[in-house]
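One chain, chain A, appears in both complexes that follow, with chain B as partner in the first and chain C in the second.
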Partner chain A sequence: MSEHSTAVERPLFSPFNVIASLIILFGLWLTYLRFTGGLAAVSNLDHNNPWGIWIGFDLLCGVALAAGGYTTAAAVEIFGMKKYHAAVRPAILTGFLGYSMVAFALLYDVGQPWRLPYPFIISPGVTSVMFEVGACVMLYLTVLFLEFSPVALEWIGARKLRRVIVRLTILLTIFGVLLSTLHQSSLGAMFLLVPSKLHPLWYSPYLPVFFFVSSIAAGLSMVIFEGTLAHRNFHDKMDKEHLEASRRVVLGFGRGASLVLAGYFAIKVFGIAIGNNWHYLATNYGLWFMVEMLGFVALPCFLFAIGVRERNATVIKWAAFGTILGIILNRLNVVLICFNWQLPAEARYFPNWKEIGISVFVVTVGIVLYRFIVTRMPVFYEHPDFKEKH
Partner chain B sequence: MTESIHTLQEFMFQTKGMCYLLALCFFVGIITFWRFLNRNDLDQDMD
Partner chain C sequence: MSRSRRDFLKLITGAGVAVAVPLTAEGHDHFTGYPDSYGILHDITLCIGCRSCEAACNKVNNLPAPEKPFEDLTVLDQKRRTDENTYTVVNKYDVGNSSVSPLFRKFQCNHCMEPACASACFVAAFTKTPEGAVIYDPSVCVGCRYCLIACPFEVPAYEFHDPLDPRVVKCTMCYPRIIEGKLPSCVEACPQEALTFGKREDLIAIARERIRKHPDRYINHIYGEHEVGGTSWLYISGVPFEKLGFRTDLGITPAPELTSGALAMVPIIIGMWPVLLGGIYFITQRKEKMAARELKDAVNEAIENTQASANEVKAKALAAAKQDKEKAIEKAVEKALKEAAKQAKETKEDNGKEDA
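The block that comes next holds the complex of A and B.
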């Protein structure tokens, strides 16, 4: 690492900055349309299809892919796998930004976003699964903020406050794992309400288990994927420990992801058996289901195993990419593609291009914030004033 | 597979039976997969 230079030495008009600026300007225009013209001005959402791509992609995929925070923190802080310590801060940052973007995207999706806190202060719907999801996401976002805060506090040099928060690390990690277990599964539990709308190959009484187990695979894969991109783009910001730990993290997390995906594949087959839904496999939806299961679960699982066995990091990275695509496909299948599957095509939801534009805007904001933070704060390196203190 | 099912009892018998068979396959499969995944490590331990 270049001796912890926090100064930004990158050109202002780089291709990334230009493209990101254009997307953000475009997103701000769409934001203006959304908040002046309402949901109908930018989306195809209606009373029959109240959930669209903002819930399917921004929320469900965002939450699943942000699971790297709790999986990495649990592995290092609870299970004592200190050899993966270098992966904790990047994973926590990805998780924190992921959940922040989920909350940000919800402001667009909820008709009256200023009422988002209502369930907690005015009308608590404690018997609703959505209340549990909302409460857990809100609390977990706070936990992630606290878990990440030592990085920002090191950056600004607030030693005393940092010391207090670092002492809470184990407590925060346990709380984070608990909350993640709850809301990752509850996101699947929301679809238990619609057995007649969701295709039987995707509907199962075990949907909460499917969502939770797949989120672990998504989290592990996301750490590998994000680490790969970080290595390519922020290599100069990494210290020796991070550079050396990179391969160890890829191999270790690849092994874990392989086992989790094998278990996930097995419980999905159990899901078909319990509902006796084998005959649906011979339909068009069945073929689509097999594309998801064989192409984006079994194949990455096998690639992870090959990569770990042969110590081939490239294969593991491709497997991680395949797993991420698989998780996105699964969530979109549950929320959009295989939802209301019995309705004629003209009655079904298809996202407006402005909805997709807002999703791209949200993701871009997340990437810009990530870039801003890692080029300034000690995420990929130990701050020279705080070495060996965490 | 569904033609022979007329009652809840038959449904439970069929699906539970299938689940027991799958569980057996899973236990055999996961051990095989574990050995496949860790073969290089196991070989090193043997050496």
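The block that comes next holds the complex of A and C.
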């Protein structure tokens, strides 16, 4: 294939590899501290603030930003938008790695990670929303693994197994969308239990719907954003079809994201109206709420629309970046910033640098795996032996 | 009859994990607590802040000795909460009114009738016992700390310092002692009878009686009778509860009701999403197939049309050619005849000349 002959030389001691290795070594040291000294040795978690950035960022943002997998697969396989076919593999890969990193971060966060299978084999607590989240995430990780596996099977040349799994595509896609609907919404539903702790502007009986709808916008934006980064770094790995499709993907997904964000903005406003929480808008938290809603929902929605109308990919990419920041902001608001809002300032949480270090370590491991896979396996191009018509 | 029907319902709801939740949560049965369950009434007007209850609790539960001894009342100058070494604390509140101030309030797990911690736990480590105590089983705990998040009273604590076997820590209402027929240690230790142990229903009656007899001494509110669906610990006070660090904005909705709606949607999505998504898939497939067929039909039609018109042209051309040919023949015949006539004439003339 021509792509291979023009492939960029990637030296072993590139700046990326050196920095990533240092971060990983550092992360291993933090891992040692965590499992010898307990959660207190590396985190600022306490009895009032039992969840920190590992749940707020690694889990909640990780799951929301990995939504590109199910949104893209649904668009192409179920809704029949075949023109975005080239976006499916990168999105599935990001989803798979995203969820893997979520599970990886959980090993640091829970007190006894070796008991993580307990809810399903020893003592199921079926009244818990978290039971459902756990079950769905576990199953969905399996689905993503299967959805991604043809890429690895093409790489190693396992034809028969690949053919079997490719035949399951539509079933896997439907199951994946089902599981994603359930756990994306349930992550919001987990906070239904805390009307007395979460600020009324963020607490709503609609929390599950808010989380689900915003995850679609997050997924579409991540596909655009990740595509931009991939073009910068792995342009040499992309085949003609992928390169031709990328502009279509940016325009099409930008249009979708604009629509979804508009709907999301509307239901968030309905949430305020139904809770009759208008008076909180005049407080400091209200100001913060408006920053989130106007700066990171309405503005990206508008920019997406402008970008699509003007056919301006740069504007759409900035809108995608803004949406991603908005999703991160929203999840951190729900779990950390606007949670325990009634506690005095000295009882509030701020992450320890070692906690942030572990989060950086987890994200770095994800990026290293991503690079390893896309530089070796047919993600951005079609394997010459497995060409298909679309 | 109704009994066996109920057992049958229990059986089928127990069989389907996902189904069990909404049915029990959304059913017509309204859980009002176990009959004859116990509770403790804390009369805040009687508490003198001696910390005897704290000392007794520490001893009975084999908790580590605190930094400052229990006799040291300067500890009360700070607002404290429960932690991994402390099941209960007494806090001091300056309420302004010098005749009653300061006031003291004991703080510990309230043993909710429908506990948020139990509702939140994904390994069912918490149990509301028929005796009223909410107890915790550390042997199944994964350490997710959702119970700490869920508790509206901010009671459970976690052993954040333990690397290998961290547990959630909270008051047990001295469940092991209750089973043995003993009083909870704090109740037994209280020198002021500010704590009364008994059946919750009786305690509510006692509290009401005290409020009725001494309307000047108590405000008319039993905290815990209805808050978050009711708690086994009950409080009566002479000043509004918010002045004593109580949350009075918790509402009366028990925790399970907050999530039952969302959980009830789970089986619906499991049932309907494949129908919806499968339906969309078949519709798009069908559309694609129809589009392909229409394209094929259009192509075929176009080919046919072209062929037909070509045939017509050909036929016309043939006809024209035939006509031309006939004309040519006619002309040729005519010409030949003329030629022949001319020749005949010339021959005649020649003959005539010769004759002449």
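A few remarks follow.
The criterion applied here is as follows: the second predicted complex is superposed on the first by the 380 of 390 C-alpha atoms of A that agree within 3 Å, B and C clash if a C-alpha of one lies under 4 Å from a C-alpha of the other, contacts with A are read in each partner's own complex, and residues count from 1 in each chain.
Throughout what follows, contacts are C-beta pairs under 8 Å (C-beta built on N, C-alpha and C of every residue); 3 or more make two chains touch, one makes a residue touch a chain.
As the structure is a computational prediction, the values presented were derived from the model and not from experiment.
By the touch criterion defined above, A:T127 reaches chain C but does not reach chain B. When the shared chain is aligned, chain B comes close enough to touch A:L259, but chain C does not. Residue by residue along chain A, chain B and chain C are tallied for touches, and C comes out ahead.
Look at A:S246: by the touch rule set out above, it reaches neither chain B nor chain C. Once the two complexes are laid over each other on the shared chain, residue contacts for A:S215 go to neither chain B nor chain C.
In the superposition on chain A, contact is made by A:M190 with chain C only, not with chain B. Judged by the touch definition given at the top, the superposed model places A:L45 against chain C, while chain B stays out of reach. In the superposition on chain A, A:T94 contacts neither chain B nor chain C. No residue of chain A touches both chain B in one complex and chain C in the other. The part of chain B that touches chain A in the complex is made up of residues 1-2, 5, 11, 14-15, 18-19, 22-23, 26, 29-30, 33-34, 36-40. Those residues of chain C whose C-beta lies close enough to touch chain A in the complex are 17-18, 20-21, 25, 81-84, 116, 118-125, 137, 140-146, 148-150, 152, 154, 156-166, 247, 249-251, 255-256, 258-259, 261-263, 265-266, 269-270, 273-274, 277-278, 280-281, 284-285, 287-288.
Only residues 255, 258-259, 262-263, 266, 269-270, 273-276, 278-279, 305, 308-311 of chain A touch chain B when the two sit together in their complex.
Against chain C, in their complex, chain A makes its touches with residues 34-41, 43, 45-48, 50-51, 74, 77-80, 109-113, 115-116, 118-119, 122-132, 134, 170, 173-174, 177-178, 181-182, 185-186, 189-190, 192-197, 205, 208.
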